[in-house]
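Just dropping this structure here.
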Amino acid sequence: MKNWSARFLTTALLVCSSLSTWAQEVEMADTLRAEGKIYVIVGIILIVLAGLFVYLFLLDRKVSRIEKSLNK
Amino acid sequence: MKTWLKITAIVLLVYVHTAGLLMDVPRLNILNETIRALYFHVPMWFGMVLLYLGSVYYSIKYLRNPSHELDVKAEAFAHVGTAFGVLGMITGMLWANYTWGSPWHGDPKQNGAAIALLVYLAYFVLRGSLDNPEQRARLSAVYNIFAFAAMIPLLFIIPRLTSSMHPGSGGNPGFNAYDLDSRMRWVFYPAVAGWFLVGLWISNLRLRFKLIQEKSSDTSI
Amino acid sequence: MKNILTLLRKEFILELRRKSVMAGLGLYLFSLTFICYITFSLRQQAINENTWAALFWLVILFSVVNSVAKSFIGERKGVFIYLYSVASAQQIILSKMIYNSLLAFLLSVAGYFLFAVFIYNPVTDQLLFMVLLLLVAAGFSVSLSLISGIASKANNSNVLMAVLSFPVVISILLMAVRTTGNVLNGMERAASSDELLNLLAINCIAGALAYILFPYIWRS
């Protein structure tokens, strides 16, 4: 977990440094990144993914249980 | 399906969805921030093609050595592949609406993908209209192989011959000619692998579900 | 080899005996061309070359699909049993493919003639166009013969034939339209050689696959 946050920090730093060097040649969502609200989006997407996977796992378990009961 | 594969898929996709949004990407005109669609939209197409390939593989195996399970497997792969294709189509249309100005822009890649979907919809229609299960399995396997072979020029040759506005073809910005491309690959390939594994997982579930369904209807009779 | 020739002869004799079928196909082609002519009221305002190519290939596609579809659909049970007893599956599909290619080529030449009469004839390089017609006719009939075999086993075979065949022939159709565009725009022959080679490659792949896969359909 610590590794991850370190990675986020470095990427955030990278984004900030690129902000100053690249100037505003091409329009990107830089403000969103600067305000840190991008993490909100990342959080939302991760929650959705997690929900999807939990669902898949539960479905998988259910199918396995039925398989077992049928094979008896 | 092994549990470690499922966990790999989850880890890969969690990584992809964080790194894909947070990592630095090349700053390109027109594409702007939507270059990140590479991480989320393109894996759908790769997943579709890979799953269809799996379906064709099982169809070939079925013809060499007929067994009911292989037929169900081929059907499950084609089914999940179609789901991926529909998702890719919708996301692609959303992106094209903002980048090219209209959801359907006559792009050869988009057309090819639409035809790929048509082929597999026809495959399901064929399966639906044959009653004898053994005949259904054999004929649909034949159609699966033949249609996939007929699709290859459409997906891989014609888009290269035609000029296209799609990123990554012709002189348009993709992720090949730019210095940050190698860094994008580090997110893109895990994304493809992760989604493909999820596709395998779902088709595995579908396969088992079908087998259970048939078994239970057998025992009840 | 001898068997194939016998089968081919049988096809021709049967076809000549059932004149109404041939007449039906010819009439179908004629009506399609005439509909194009009427709906666009073409004599007054000439269409450009690309529209000509698209219309032409659509007409050819529809009539070829109809003519090839009947190679397995609509045959009586007795014919199947007869074929089964005299020849192997490979011989049957080969003879069907050769026969259908000839028929499709004949149809497309007839269609070309009708288009020249009713609409106009923008083609300058006749030889190249004939080669293209031959390649496309062969491609259509090779893939459609197999599809017709599949569709004939199902209940609603006519609908199924259309649904199954269009995705498969689209790549051939696209190549044909592109090459025709080249021919009509007066490009040199070298410009179309890529497309022609592609067409040939598609034909070879489709032919080989049909040859390998057909026995699996035929068995039932």
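Here the chain labels run A, B and C in written order, and each chain numbers its own residues starting at 1.
As a convention for this text, a contact is a pair of C-beta atoms (placed from the backbone, for glycine too) under 8 Å apart; a residue touches a chain by one contact, two chains touch by 3 or more.
Since the structure is predicted, the reported quantities are computational estimates derived from the model, not experimental observations.
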So the chain most remote from subunit C by C-alpha centre is A
Can you identify the chain nearest the overall CA centroid, using each chain's own CA centroid? B
Between subunit A and subunit B, centroid-to-centroid distance (C-alpha), Å: 22
For subunit B versus subunit C, what separation do you get between their C-alpha means, in angstrom? 31
Averaged over CA atoms, how far is the centre of subunit A from the centre of subunit C? Could you give it in whole Å? 52
Residues on subunit B engaged by subunit A in the complex (per definition of touch): 6, 10, 13-14, 17-19, 21-24, 27-29, 32-33, 198, 201-202, 205, 208-209, 212, 215-216, 219
Subunit C-touching residues of subunit B, taken from the complex the two chains share: 63, 115, 118-119, 122, 125-126, 129-132, 134-135, 138-139, 141-143, 145-147, 149-151, 153-154, 157-158, 161
List the residues on subunit A that touch subunit B in their complex, please. 4, 8, 11-12, 14-15, 18, 22, 25-29, 38, 41-42, 45-46, 49, 53, 56-57, 59-60, 63, 66-67, 70
Tell me, which parts of subunit C touch subunit B in their complex? 143, 146-147, 150, 153-156, 160, 163-164, 166-171, 174-175, 178, 194-195, 198, 201-202, 205-206, 209-210, 213, 216-217, 219-220
